[in-house]
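Please go over the structures that come below.
Shared between the two complexes below is chain A, which has chain B as its partner in the first and chain C in the second.
Up next is the complex of A and B:
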């Protein structure tokens, strides 16, 4: 039992959300509730609808069905004070190309009641954001760093990042992940970021949401996911059945006396049962997030 | 003690990070690298130094506390407990060690070591440990 049931306070609640694009449901009766103080990694293939999900969550994209509540308000009619509590970095940030970076920072700061000048200065130095250049001359990576700085300056209660590290080099990526962790360490603030880079997610996220076919196919603690999904290498002295039907089975490959079966409902008793039923030896293999992701998608 | 002296995590391993931390603390206690009365670095410190999520660290610590390996000292943090609890049955504890024995034997086979040579190796290691 995870703490979701005890933690009634969600920063974001999406219930039965559908979003159609020219008749096709990109989000299909999707439900996702994010508890306060968590770092959620949103994982999905390219085109799975991660951006649409985040935009619907923030009330930027209008949904066709369902409800979205963010910081206790309906997303579509978010108040100005709620917006003060949210930081968002879209996948391709649009900034004023004719303005100098330091001007953009000052301009953005003027919209917020609270602005942490020291934090912004630190990040600008650390990430080598060129203050005197015009935004139009920045590389994709520099632009992404600038957008991150702008989204962090007002120290939002909820930070939403769409593929935040896609354009960053490895060292900037590590720096960025450090900032994500620092923000999370306080325990008060919530972060949701989408990615298709599973290794980043494994380090910083405490929860993972997997988006598949327009709905969330798994949402929970990352450690729990790794505890639950296991691949079983089964070797028997006798022949094996044509089909295994284990609880939570995702995939199976059987060749003569050997089989590889993946389950998402692993329990320690399972190996013993298989061993006695099929006169087999069972080796339990741990899977990392990338392998789990692939297994779930191949299923 | 700095967190990265004590722990080494592999985020992309199939073993959840919280389990890696639990295992490493248990191993350090078993090897005498940390002893009863020592304090573990704070959750925050471990999270920032190892660059992993704080909730993951805190989950590991609460499991260690539940199992009696560490105890929470209010205002000071997690301290390695006085004596390791032997609540599990002998069979259960042997079962926990079985995978390592299995691995040891497999490696020994690869290295063409005879059963006697493996036994001698173990005996010597145990003797050295007790002589410490």
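Up next is the complex of A and C:
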């Protein structure tokens, strides 16, 4: 891969980023490099720093250490042309309560050189966003949909969404995910979204970033994560000792001759090694993303 | 000797709910009291209230009672909002014994504001207590009103205008009716006012325990912005909003022309000629009413001056309503410097428009109320009035920028302190034709201070987090 390709390979680069609020490090020497054309799902507990990470990535929040580069520009001094390529939906979008929806859309469109009116009209119809109502009369879910429409209207190269479907009903969520997949198709656009709904992430994201204690504990393909994290049900002929542990162990429960162990360093040869060392039978269980997330955070 | 083996006795022993025990009740009151003590706004305005209430001077007490009742009114609004927040939660409906301590402490705080402080002042000055307390009864009434209906806070704006409606000579005349009332010369009226306020507070307490959760907003600041979802339908000012729709449409039609890079930030705050017409005609009606009711040109001039100052605050209110959208606005395709610079300029343009309108209104009102020869004295007084409007404009602009990221009430209070109070004193000076030359110095210093504060704020915005 040439140097030039390496330079532009990542749409977002965060290196050694720290952000403190009242002396507490919300982001702690965090490193995250998002390749172009990927859909990245950001997972983390409440208060883990997902919103702060996204705000720092966009230059909305000032970082205390490290560097953030987005679309090959420093995030803090993003140019107008770079922002033409970014769409952002905050966690609780606030607009102008006294303005009508159609006015807000027209106002937002006036800022962009490129605005896909047909796409906006389709989304508005599909999601039943009431054009003639004032923003102050919209429910939380309707406001979220409007904010998404505003973020998608200029067909940005990078879409950053902070809990975009938190307030959507299942039908609207499904529609939104379809749109996300459509936008991501072709690999020309990059999407980063934070969510608690792991099933949605599994459906659309091809990479997962797990934020834990202010840093990224895992970033990679979803399949890779699922290949690494497994739960092993071990049944031995003898009682297992309390010190029983496996490489990369996250959690364990031992009851006599049986043990239930979750490891994040699973390899195909591990089962054979356990069987021969402990005279045990090993059943390998696949975990879905929610179970992996719970295991990682409860550890 | 109790027989604890008897199930009935054991039940009786434990039948007394814990919340009914006196020790627990007092403990609950203490914790409720802490919810007031932990909020600095109560300390800030409470201390200010006491400081203003304390230096009772000889002579007319009325001007001081005016100021204390206004400050008491602000405190009363805070207490009312605080109570609303406490009662509009599921805990208020579910937790046993919730209402008692909260109402008791609320009553104590309320009583301290409009009964205890004026009562102590009366005792210090050897006045009958019912006089000053009766004069502060409107404060208690305001508290009760705000508990029941939050927009009643707007009455705070009515107070200074209605008080000035009886003109400065009246307030300084020891034999005037307001002075006599405050001194307790009309006990029946004083007690009637006190009884009315007490009754209103009792009714407000009943309202509180029935306050539905949907009736309050998550914010308890002074903003009268629309409440949460569903409660904005059928707004009484929908016809005004339609006028704004037309103004927004006109502004959007100018997209790309002229100074669009700055004008586009004014689109959400676009106001139609109807709003200007309403502001000026409403102000004119008020001035005319005061001139007729008080039979005093001086009172009308004072009110005209205050209406002009209120007009200049209008853009601060409009821009504060949209600060929640700052993050989204910042992510529009503009650089950081462009966003803050253009937004500050757009805000400045809005201020300029309203300042010009306010100056025209002040000049017209002053000319009408002081119909006579256009001599040097008239010209100087007119100039002072116009400079006061400009002073307030600069003060509100810089205060609006400085407090843009804070709660709305901070902007309101800061504007009150730095702009409105000075304006009131100067207008008093013009109306009473007292010595006011010293204020010219402040009027000259204000633009420099405003410019320095503005530049500091823009610089702070450019280096800090957005939203």
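As a convention for this text, the second predicted complex is superposed on the first by the 290 of 299 C-alpha atoms of A that agree within 3 Å, B and C clash if a C-alpha of one lies under 4 Å from a C-alpha of the other, contacts with A are read in each partner's own complex, and residues count from 1 in each chain.
Here is the rule we go by: a residue touches a chain if its C-beta (ideal position, glycine included) is under 8 Å from a C-beta of that chain, and two chains touch if they have at least 3 such contacts.
As the structure is a computational prediction, the values presented were derived from the model and not from experiment.
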Putting chain B and chain C on the same copy of chain A, do they fit or clash?
fit
Between chain C and chain B, which one touches more residues of chain A when both complexes sit on the common chain A?
C
Could you look at A:185 and tell me whether it touches chain B, chain C, both or neither (first, second, both, neither)?
first
A:10 in the overlay: touching chain B, chain C, both, or neither? Say first, second, both or neither.
neither
Which partner does A:264 reach: the first (chain B), the second (chain C), both, or neither?
neither
Name the contact category of A:227: first (chain B only), second (chain C only), both, or neither.
first
With both complexes superposed on chain A, which partner does A:38 reach: first (chain B), second (chain C), both or neither?
first
Given the superposition on chain A, what is the angle at the CA centre of chain A with arms to the CA centres of chain B and chain C, as a multiple of 10 degrees?
150
With both complexes overlaid on chain A, what's the closest CA-to-CA approach of chain B to chain C, in Å?
27
Once the two structures are fitted together, what part of chain A is touched by chain B and by chain C alike?
none
Chain B partner, complex, touching residues on chain A are 38-39, 174, 177-178, 181-182, 184-185, 187, 198-199, 202-206, 221-224, 226-227, 285-291
Which residues of chain B touch chain A in their complex?
11-19, 44, 47-48, 51-56, 59
Could you list, by residue number, the parts of chain A that touch chain C in their complex?
55, 58-62, 76-81, 83-84, 86, 88, 90, 93-100, 103, 106-108, 110-113, 134, 136-140, 147, 150
In their shared complex, at which residues does chain C touch chain A?
225-226, 229-230, 232-233, 241, 244-245, 248-249, 252, 255-256, 264, 267-268, 321-322, 324-325, 327-328, 330-336, 338, 463-467
